[in-house]
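Multiple structures follow.
The same chain A turns up in both complexes below, where it pairs with chain B and then with chain C.
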Partner chain A sequence: MPSPSAKATAPKLATTGLVAMWLLAAGPAAGHGAFVDVTETRAVAIDARYDTDEPMAKAQVTVFAPDDPAKPWRVGQTDTAGRFVFMPDDRAGRWAIQVRQAGHGAMGYVDVGAAAGMTLTSSATAGLAPMQRLLMVACVAWGCIGTALYFRRATRATVA
Partner chain B sequence: MHIPDGILPLGLTLGGFAAAAGMTAICLNRIEAQPDPRAGLPRASLMTAVFFAASLVHIPVPPTSVHLLLCGLMGAMLGWYAMPAILIGLLFQAVMFGHGGLTTLGVNGVILGLPALAAFGLCRALQGATHPAAAAFASFVAGAGAVLLAVALFAVILLAGLPGHLDASAERAAILALALAHLPLALAEGLVVAAVLGFLRRTSPEMICVR
Partner chain C sequence: MTSSLHLPIAAYAAALALTAGAGSAAEGELAVFANGEALAKEGFTAPELTRDGWELRFDRVLVTVEDIAALQTDPPYDAEDGGEPKAAVTVALDTGGPVTIDLTDTDDDGRVPIGSTTAPEGHYNAVAWSVVPAKAGDWTGQSMVLVGTATKDGKALPFTLTSKDTHDYVCGEYVGDERKGFVTAGGAADLELTFHLDHVFGRADKGADDPMNQGALGFDAFASGGEQAIELAGLHIGHVGEGHCAVTFR
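Take a look at the complex of A and B:
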């Protein structure tokens, strides 16, 4: 006569066997594995700044592909340091990037060749040294002063 | 307050050139009607240099910075000469420093030229004010009001030409922040115009253009 404990064990064994058979029939586990494909690619990094060297934080970025300069290829926003990164696709040619914020902004260009990598061009005139700026202001101011003196002299000569 | 190239749609830039050309034509016509049109040229030339250099003077207004506009002072000092002087100054700023742009020269000329002419009109209307305090207050309003009008024009033109693919709410917030940052500048330029015109009234009243 089987003991009460043996009676209780029989259904448990049967259940365990069924679960094991179901697991074996289900095939390999899926959904918890993780795979990472690492490939090297080229990207364009933008560092947007005002001419006062302040970063254009949270400025709006519009990227135009070479074959459609009227339709934005991608829009985004710079981070707090004024940076934005995008990966151009296979289209070779000149990609245009516009960064703007409250009516201020600039265009930048990147030439993406099929094999030759990238060439960056910026439309901004940033990078002028303070002395260069001072010299340019002095040149224009001197021109204005010369103009003022010329017309002042001409007026005096007419009066005389 | 300098809109660079590539920001505005073609229609607005062409409209800006048309408006600036019309304003300049009116100003040149009024200058030509003066007894001696060349008499104001030395002063206009010197003020053009001041206006050109002023855009390089940045005033930090956290979290951003603004630069001097001087459109009120230009209008009060130059009268009808202000518009051509501002256009020449803007051209030099765009070519040499990239402040503004060549395609937006007309729009920028309107943004700064119209407030200058408004300041001139206000100074001319209130030239009869004999009380020094009243004259100083009128000069302050001309200087500060010109900055505020320029900011308003700048914001309206930008919002009118906002492309559909941009985040409009983010751009509106940025424009509002920039406009608020110009309030201290309006105050400062109002004080500058009041001080300069007050000095000229005492020393050389003929220097204030009221014709």
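Take a look at the complex of A and C:
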């Protein structure tokens, strides 16, 4: 069992699903208006923190796709709250997310299913409290529901 | 609790025959290295002194390991939760019993080769090993021996710290510059047992309230120099790169 001292230095990586607003700007090049397609889709949100609850702010994030797990699919950085959001493509399988900072690191995993686009089925999270686990599940469910709520909205804008 | 993690490790070794005997899966080569990183190789030097301000330089950092096993687990092993990994494939590294390595005696990549074995293809995303007392050699009965020179306030102090502790590690996936453990048919992969000496001595460049520093021993307790015993129980020395392990002391 990890000692309290070392356990306190261990980073925690929580992987959750959420609904993200996906904005696509499109419209006629010389028209009288501009259109914005607004699509609700699912994304994966990383909540990286130490088990002192201190966020892993500005930590290095590397995402690995299921069919090429040794090669980084995307690299980035958490924000000041230790969060990072990405939207997997249509490849089903286990996506892996690595977060590193100052000699500490952790892996998180998200299984993305092929049915109905994507389904977040599980995640490996280190040492989450029960309430945090419940929150994670709720977010995943919300994401699944949100997939059906695709909508399109055209917004007219004046072009100078 | 002490033996709860060790028993599976012994079972891992037994699983080798089952795995290797299957013969049907495509195989590759899996090498295992140890790594004490810069703190073993170059020592604790400013600003990375010990938590209590000592510079340490090591002549030798001897560690005796055995029961090294690589595992393909599903789900991925969560070292924070601990417990037994759910391994679909387990490959034990045959070291012929306990093997003593020197973390200061590295290859060009700064690592210490321990051995290699053929392994069925797949991702070895967990590793287990034990640090045990040596059964032969100059330091029989000791599992870790650190020999070097400590310096503080201009005074140099030769030291030898010896530990008889036995510690068992079960770790998840290696965390570092690259993912490790992907064995492909005819290919080669590697895993690493990483030893973090700052969990023993702490680091002056981190705050006094840093959780690692609060647990670390520092060096003041050994300031009389010479050969002394060091108690490592409760310290998380073993890692997989930057990834953490579940550890038990026997």
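The rule is simple: the second predicted complex is superposed on the first by the 83 of 160 C-alpha atoms of A that agree within 3 Å, B and C clash if a C-alpha of one lies under 4 Å from a C-alpha of the other, contacts with A are read in each partner's own complex, and residues count from 1 in each chain.
To be clear about the criterion, a contact is a pair of C-beta atoms (placed from the backbone, for glycine too) under 8 Å apart; a residue touches a chain by one contact, two chains touch by 3 or more.
Computed from a prediction, not measured in an experiment: that's the story for all the values here.
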Going by the contact rule set out at the top, does A:Thr52 touch chain B (first), chain C (second), both, or neither? both
Touched partner set for A:Tyr109, first chain B, second chain C, both or neither: second
With both structures fitted on chain A, tell me whether chain B or chain C touches more of chain A's residues. B
Per the contact definition in the header, classify A:Gln98: touching chain B only (first), chain C only (second), both, or neither. both
Would you sort A:Pro69 into first (chain B), second (chain C), both or neither based on which partner it touches? second
Who does A:Gln77 touch here: chain B (first), chain C (second), both, or neither? first
When the two structures are overlaid on chain A, which partner does A:Gln60 contact: first (chain B), second (chain C), both, or neither? first
Does any part of chain A touch chain B in one structure and chain C in the other, and if so which residues? 51-52, 98, 100, 103-107, 124-126
Complex interface listing, chain A residues touching chain C: 1-10, 12, 51-52, 64, 69-70, 96, 98, 100, 103-107, 109, 122, 124-127
Using the touch definition from the top, list the residues of chain C that touch chain A in their complex. 1, 75-76, 78-82, 123, 172-173, 175-176, 178-179, 182, 199, 210-212, 214-216, 234-236, 241-244, 246-248
Parts of chain B lying in touch with chain A, wherever the complex brings them together: 2-7, 36, 38-39, 41-43, 45-46, 48-49, 52-53, 56, 58, 64-65, 92, 96-99, 154, 158, 163, 165-167, 170-171, 174-175, 177-178
Which residues of chain A touch chain B once you look at their complex with the stated criterion? 50-52, 54, 58-60, 62, 72, 75, 77, 98, 100-107, 123-126, 128, 133, 136-137, 140-141, 143-145, 147-149, 151-152, 154-155
